[in-house]
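Attaching a single structure in structure tokens format; questions to follow.
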Amino acid sequence: MPLQMNAEQLMAFFEEVFPQLDNAFEVLRLEEMELDMRMKIGEAHLRPGGTVSGPSMFTLADCIVYGAVLAMIGPKALSVTTNCSIDFMRKPEAGVDLIGKCKLLKLGRALAVGDVLIYSEGMDKPVARATLTYSIPPK
Amino acid sequence: MPLQMNAEQLMAFFEEVFPQLDNAFEVLRLEEMELDMRMKIGEAHLRPGGTVSGPSMFTLADCIVYGAVLAMIGPKALSVTTNCSIDFMRKPEAGVDLIGKCKLLKLGRALAVGDVLIYSEGMDKPVARATLTYSIPPK
Amino acid sequence: MPLQMNAEQLMAFFEEVFPQLDNAFEVLRLEEMELDMRMKIGEAHLRPGGTVSGPSMFTLADCIVYGAVLAMIGPKALSVTTNCSIDFMRKPEAGVDLIGKCKLLKLGRALAVGDVLIYSEGMDKPVARATLTYSIPPK
Amino acid sequence: MPLQMNAEQLMAFFEEVFPQLDNAFEVLRLEEMELDMRMKIGEAHLRPGGTVSGPSMFTLADCIVYGAVLAMIGPKALSVTTNCSIDFMRKPEAGVDLIGKCKLLKLGRALAVGDVLIYSEGMDKPVARATLTYSIPPK
């Protein structure tokens, strides 16, 4: 099953549907069922002590699975997250971008499941992992 | 086990440690092991079509369990979320505040577990549910 | 939405589709969107030290949500669990039956979500909590 | 950090602490932070239609993370599962063994987190995925 969107198309779609995200995301690698993205970390994402907030990591996990699904099925803004489990395992480094690496484990007609590992750029152990289920609207 | 903080003290602590949240939260009810909060929904929380974003609901779930734990153990900013599972069940109403209702199911020495139901104000069925585990730093 | 099965019909269906469970389950209370069940604990459910195993608690959580869904929609054996998050919070008491209390939070056309609290009979704090999503086959 | 147990020692420990599992497990590969195991599927693990039950897949996920943790820290039977999220993505094949592949993503002093992919032997897409958190008792 070939990709329905390339990196540029995906970014243009993100800017259109998530104007609040303020171009925080950048596609690093896009292949069938796989997407790596960078999330630029600014003041709004920090917690006291300089660490990146949990909601910021959730946002990256949510957007990267959404992006990986849309790249495979085309721009259907109505796909919605139905479930997420996320484990916060290490403290992200202060003032460093996050890198998310997503693999889709399932892309069915009604449900998609994606796994995400999140890294502070330059660290070799993940700061968080997440699995999300997306519900895909019927044609 | 009595409360270590009241609603005012909890709000003052939130404003200090989460300045980015911009006073979005308000305590509606605080009792032993239970906390209800309102999250004021503004433009930054919306998705196309006017619905409230998943990351906004995650933020409410994360903050309300943090608040419920701190109210019981006192202001220890170092408590951290280690795990969250969240189910998005219905579309939140556009332009309506979210109400979160949290019950702590466990408050141990090292780990606390809290359950959260999230409602669009005025709806009787929850839009989301979440369970979070917090790691409590040793004394 | 009225119940489609009563407690006796539900138990008869369980014995038919889960013969391996060996009549371990008993309905304690069945109402719209709510089901309480007892799981009789025998040798096969124990771990060293006499505590009840995690897989036994998962089995109860899985069966009780299945039962609550079927009681509402009628006996459709093809409904399948798509996701479960479960938190083990306290050690179950040795040689004591488990009591599960389930509330369905959502019963849509395609997906149902149920919350479960699990108790050792006679304890007032839950030993575990779980949330399960069931996929309901189209008519 | 070197392994504290080899495959034989791990299997001997499993037989001692899980006599009910009846030698269902076999180590296929054991390395630092990684463990692959086979679960022999018998009548007791089946559902109507011949598919493997959800609780059987949960049992494999639970045991494989336990095994991966113990192989790294030595035989501490008191390590307990505190949380599991599991996604059932495809129907397992009837009458075919399950293969579990576990990677530990974190092995801290108090908590370990392991990711598991579960396959029906011979299928290239996973039937389930799970993440488990284990609480490690203090020395």
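Per-chain residue numbering starts at 1, and chain names A, B, C and D are given in the order in which the chains are listed.
What we mean here is this: contacts are C-beta pairs under 8 Å (C-beta built on N, C-alpha and C of every residue); 3 or more make two chains touch, one makes a residue touch a chain.
Computed from a predicted model, the values in this text were never measured in an experiment.
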Practice prompt. Taking each chain's centre as the mean of its C-alpha atoms, give the chain farthest from chain A.
Written response: C
Response to the item:
Two candidates, A-B and A-C; the one with more touching C-beta pairs is A-B
Fill in: Averaged-CA centre spacing for the pair chain C and chain A, given as whole angstrom
34
Worksheet item: So what's the Cα centroid distance for chain A and chain D, whole Å?
Response: 28
Discussion item. As a quick test, compute the distance in whole Å between the mean CA positions of chain A and chain B.
Written reply: 23
Worksheet item: Where in chain A do residues touch two or more other chains at once?
Response: 82-83, 85, 87, 89, 133
Worksheet item: For chain D, which residues count as touching chain B in their complex?
Response: 82-83, 85, 110-111, 133, 135
Worksheet item: Which of the residues in chain D come into contact with chain C in the complex?
Response: 17-18, 20, 43-44, 46-48, 54-55, 58-59, 62, 77, 80-89, 91
Response to the item:
Per the touch rule, the chain B residues reaching chain C in their complex are 85, 87, 89-90, 105-106, 113, 115, 117, 125-126, 129, 131, 133
